[in-house]
Amino acid sequence: MARHIFRPTRYHNTLGTAEPCLRIADGDTLVAETVDASGLDANEVAVAARPNPMTGPFFVEGAEPGDTLAVEIIRLTPNRRTGWTYSPLALTVLDPAAILDRPKQERAIWEINANEGTVRLRDAPAALAGFTPPLAPMIGCFGVAPAGGEAISTATSGAHGGNMDYRRFAPGTTAWFPVSVPGALFYLGDGHAAQGDGEITGTGIETSFEMEVRLSVLKRRITWPRAETAEEIITIGNARPLDQALQHATTEMQRWLGEDYGLDARAASHLMGMVVRYDVGNVFNPAYTVACRVAKKWLTKA
Amino acid sequence: MARHIFRPTRYHNTLGTAEPCLRIADGDTLVAETVDASGLDANEVAVAARPNPMTGPFFVEGAEPGDTLAVEIIRLTPNRRTGWTYSPLALTVLDPAAILDRPKQERAIWEINANEGTVRLRDAPAALAGFTPPLAPMIGCFGVAPAGGEAISTATSGAHGGNMDYRRFAPGTTAWFPVSVPGALFYLGDGHAAQGDGEITGTGIETSFEMEVRLSVLKRRITWPRAETAEEIITIGNARPLDQALQHATTEMQRWLGEDYGLDARAASHLMGMVVRYDVGNVFNPAYTVACRVAKKWLTKA
Amino acid sequence: MARHIFRPTRYHNTLGTAEPCLRIADGDTLVAETVDASGLDANEVAVAARPNPMTGPFFVEGAEPGDTLAVEIIRLTPNRRTGWTYSPLALTVLDPAAILDRPKQERAIWEINANEGTVRLRDAPAALAGFTPPLAPMIGCFGVAPAGGEAISTATSGAHGGNMDYRRFAPGTTAWFPVSVPGALFYLGDGHAAQGDGEITGTGIETSFEMEVRLSVLKRRITWPRAETAEEIITIGNARPLDQALQHATTEMQRWLGEDYGLDARAASHLMGMVVRYDVGNVFNPAYTVACRVAKKWLTKA
Amino acid sequence: MARHIFRPTRYHNTLGTAEPCLRIADGDTLVAETVDASGLDANEVAVAARPNPMTGPFFVEGAEPGDTLAVEIIRLTPNRRTGWTYSPLALTVLDPAAILDRPKQERAIWEINANEGTVRLRDAPAALAGFTPPLAPMIGCFGVAPAGGEAISTATSGAHGGNMDYRRFAPGTTAWFPVSVPGALFYLGDGHAAQGDGEITGTGIETSFEMEVRLSVLKRRITWPRAETAEEIITIGNARPLDQALQHATTEMQRWLGEDYGLDARAASHLMGMVVRYDVGNVFNPAYTVACRVAKKWLTKA
C-alpha cells in the first residue's frame, strides 16, 4: 500500500465529477496539501477562490457506486503559523432581536503554536489575554462526488459529505462516505486549527494544512456519512433545520445498530434512549450538521 | 437555614400561579417526594394525572419578579425499584420515511439497582442482555410560575423552565430560573433514573423520587434558564425548531459572558467560537431544549 | 335566541379557566366591545394591559368538553377613527442578513374611513400618498379555554385558537374551536381594521371594535380550529416552524374530508392535490398560523 | 426576433454548465418539447431518467453574469392525453402521528380533456366521480445555470430557480432568474396539467408538453427569482424550512419595492403589511418554495 505525496496545482469549489488529480489504490495513504477556506496557501498566497477550495479529486481504484469510502484521518498538520476567524457570532445562532446589537463582522488573526499545542488570538482584548485553547486540527470540508451528476458547492453539505465543519473529523477518526461514482472521487480541504461546536462565528481557525489520510473501499452501502473513533460510532445528518439533520443522523444510527450489532428498531431505541449523544457540527452553513454518537462499550458486534 | 421534608397530597399539571404548598426561606433546603410522569408514586399507586404531575408550588420568601431563583440539586433518590420507558424512537427524531417502518409504541420496565448504580431492561432481548448503563438520576420537569398570568402545561417548557428533560439537571448542578411572580412558585417532578441526549424515545426511565434541592434568591435578572456545575456554566433555550432553541441558549450565554466575565459581544464570540459545547436536551416535547456550555477554566470573573 | 350587548369592565391576557363575564345560551348572539392590542378603548383610553387584552370569557350553556364551539362572525365595527401599526417588517420575516439594515421600530397611525371603506396612513411619505387599501376588519385573537388547566398567553395560539391574526377571520366566516371545559369559555379581542397575510409588521391596524358574533354548540369533536365561509372550508394549524403549522392544518383537513364528505385518505389526497389553497395567517407570533382551504364547489356532503 | 422550434434528443437532471442545445437571440421565442417528471414523452415512451429531465440548456446571446433572464410563459400545451400523480398526501405535509395511518404510495392516471379544459381521475372512487377540476398547466421546474460552477439536481431549487412546483408559473406569467454564467443557460421541463398549492402529493398531474416561452435579457441584478403577471409582482424564496423560504421571498420583495417603486424599507413595510399575499409553492421538494405577491394596483413606478 503506497503513500502518495500530493501538492495541488488546481482547486475545486464544488464536489462533483471532475478530472481526477491522482489515482490511488484501495488502502493507499495520501499526504496532501490544502489551502484555507479563502484560498491562502502555506505562504499566505492566494492560490484559489472561495469558498473552501478543495484538493482533489482522488480516484480510488475499486470504488464503485453503492460502496463506502473509509477515510482514516491520520495527521492534520497546519503548514503556516497563523489562521483567521470571523467575529462576532453568526446571524444563524442569535435570537433575531440580538442581531440588531451585533457589532460589524471582522476578521481576526490567531497564532498557532505547534510546540505548545495551543492557539492564541493576536491583539486580544485584556479579557482574553490568557485565553490559549488547545490546537485541535480538524477537516472542515471533505467528501465524495455526489449522485445524479450533481456538483455541489463546498459551502454546503449533504449525503456525500462536504462542508460539515464538525470538530470530531480529526486525527483518530475514520469517516465513511457513500460512493456514488466510479473511483469515489474524494476531495478534502478547509482545515481548521481549532473550532468549538457549531462553527458559530462562521469559521474555525482557518488555515492551510498538510493532511494525511488513508483511503479504503468498503463493500457495503450507507445512506449518510458515518465515522468511527476508538471509543465511538458516529452518524452524520446534513440539512436545515437542525431538526431534520438530527432526524437523518438518528435514523442512520438506527440502521447501523441493526446492520452490525443485531439490534432491531425496538432494541436500538432502548439502547440509544439511554446512551445516545448528539453534537451540533455546524449551525452556519446552508445545510447544518448534527452528529449522533454511541459509545462502543455498549455494543457487541453481531 | 431550614431543611423541609415535604410529602405532597396534590399535584399540578401546569406551572402557574397556584396556592403554595409550603413557604420556605431563601436558602432553605427542601426534601420532596415526586411521582413519575404518569402519576405513579413510590408504591406504583396512581395518585395524580398525566402529564408530569408536579410537586409544589413552593413559595420562596424574598423572591420578587426580576430576581433569579437558584436551585441547587443536592440529591435525587429513586424511591422505588423500577421505572418505565417507551420504545421505539419518537416520531420527532426519525426521517419521516422511516416512520412507516416503525414498530408500535410499547411501554417497557427497567430495574433500578441502586447498590450497583445501574439500570437494566426487564425481559431484555438477547442483544441487550449485558446492557446495564449507569443509574444517572435527573429532573425532567422543574421551574417557576411564568410571567403574564400564564399556566403552562408540564408537557412543554419555556423561559420559566418546565419540561426540559435535560440530563445535566442532575446532582452537582445548580439551575437558575427567572422569577416572574412573588415567591417564585417553584415546582419539580418528572424524575428520570437515566436518559440519553434528546429524550428520543419520549421518555427517560420514568420513576418516583425523593429529591433534595436548596433554593436561593439571586438579586439579578436573567432571560432564559441558566445552570452551573463545578466545571461549566450552561444556558438553556426552549423552543421549536431546534434552531430557535439554540439561538436562545447562545444569546443568553453571550449575555452571561458580558455580565460576569467582562467579555463584550466580539470577545465572547472569539471565546465561544473555540470552546462552546451544545447539548440537545430534548427533541420530543412541544418545545425542544438546547443547552449551551462553556467550561469555567476558560473564564475569569470580571 | 337572545342578543346580548356586553361592555367589559375587566380584560384577560390569557385564555384559560376564569370567572365567566356572562352566561349565554347555545345560539345566542353577542355584541361585545373589544379594546386594541395595547389596551386602548374607543376613546383611546388605556383600560387594559398588553398583550391583546380579551373580552370574556363567555360561558355557553350546553358546551361540554369534546364538543365544538361555532363562532359566526356577523359584524366587526371599529369604534374609533384611528388604529396603529408598527413598521418596518418584523424580524421573523426577514433574511437575517437584512436585519442589519432594518430601520428602528416605530408606531404609525392610520385613519379609518368607514364611509369610504378605506384606511389611510397618517403623515404618509409621498410614495404612499395615494395608498388607501380597503377597510377589512378581522379578529386577531379569539378562542376558548384550553385543555389541561392551561392559561395560555394571548400573545400566542394553539389548538384552542388564540392569537392567530388571520385575515379571513372576518364577517362571513364561522370559526370552530374544540371545547375543552364546560361552557367553552369563549374570549375575543385584538381586532384589526386591515391586515395582509402573515401580520408581517407584527401588527394589523390595531383598533377597538364592537364585534357581533353568534355562538353555537356542535356535538362533534375537532382537533384544530376550523372555519367555514360561503365558498370554502378552512382548517388552521398553529405552531413553529411554519412547516408544522401547515402539517396540522393539512392533517385536520384530511380528517374533515373524511368525516363530512366521504373521502378516505387516498381520495382526499387526490382532491386536495388539485385544489388545496394555503394561507399564511401570521408568521410573527410565538406560534405561527397556516390555513388550509378547500372550495365547497369541489365537495358533496356524504 | 426568431421563433425556434426545438425537439430535444438529450435531457439533463441537473441545472449546471453544460453544452448548449441551442443558441438564441435576446427576445427570441422558443417552442420546446418537454417530457414528464419520470422521463415519459408524448408517446409515453421513456426517453430520459428521473428526476425531472430538462430540455435545454439554451444559450441566450447577450446574457452575462449579473443580468436577469426574463421568461415569458406564452403557452403550455400538454402533448398527450394523460398524466399521473401520486397519492396519498406526502410525508412532509402530515402531522408525524398521521403518517402511521397513511396508505401505501400509489400512482394514479388522470385524463386530460383539452376541449373541455378539465382533468379527471381515471377509475375514480364514487366520492370523486364528479370531480373535474380545470386543466391549468404550469411549469414545475425551470431556471438557469447556478453560480459557482454548481450543477444542482432538478429535484430541488435555489436562487437559480429549479424545481419550484409553483402553480402560478403558468401562461400569462413572466418569470425572472438571476444570470450567473454567460448565456444564462436556461432549462425547462416537468410540466403539470394541474396542481394545487404545495404539491402536497409530491406531484402535480405529470405529463409531457409543448412549451412556448420568450426569453429576454434584462440589464439588472436580482437575488431570488421574481415574476410578473398582469395584476401582480411576485418574489420567490426556495429553502427549508418554509420560514426561511418566506424570509427570502419577503426580503426580495422589499428590495423590489425599493428599486422600482420608490419605497424605502419603512414605506415598503406599510404597504406590504396591508396587502401582501403569500403562496406555498411546494412543501415537498428538498427546498420548499414560498411566493410573496403584491398587486400592481397598489404600486406606482418611481
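Points to keep in mind about this one:
As written, the chain order gives the labels A, B, C and D, with residue 1 at the start of each chain.
We adopt the following convention: a residue touches a chain if its C-beta (ideal position, glycine included) is under 8 Å from a C-beta of that chain, and two chains touch if they have at least 3 such contacts.
Remember, predicted model here, so these are calculated numbers, not experimental data.
The chains that touch chain A as well as chain B are C, D.
With centres computed as the average of Cα coordinates, no chain lies farther from chain C than A. Note on interfaces A-C and A-D: more C-beta pairs are in contact across A-D.
For this pair, chain A with chain D, the centres built from the Cα atoms lie 34 Å apart. Between the CA-based centres of chain A and chain C the separation comes to 47 Å, rounded to the whole angstrom. For chain A, residues touching at least two other chains, in rising order: 92, 94, 96, 102, 240-241.
If you check the complex, the residues on chain A that touch chain D are 13-14, 16, 51, 148-153, 155, 239-241, 244.
Across the complex, chain C meets chain D through its residues 85, 87-89, 92-96, 98, 101-103, 106, 108, 119, 121, 124-128, 130-131, 133, 194-201, 203-205, 240-243, 246-248, 250-251, 254, 261-280, 283, 288, 298, 300, 302.
Residue ranges of chain B in contact with chain D, taken from their complex: 91-92, 94, 96-97, 99-100, 102, 241.
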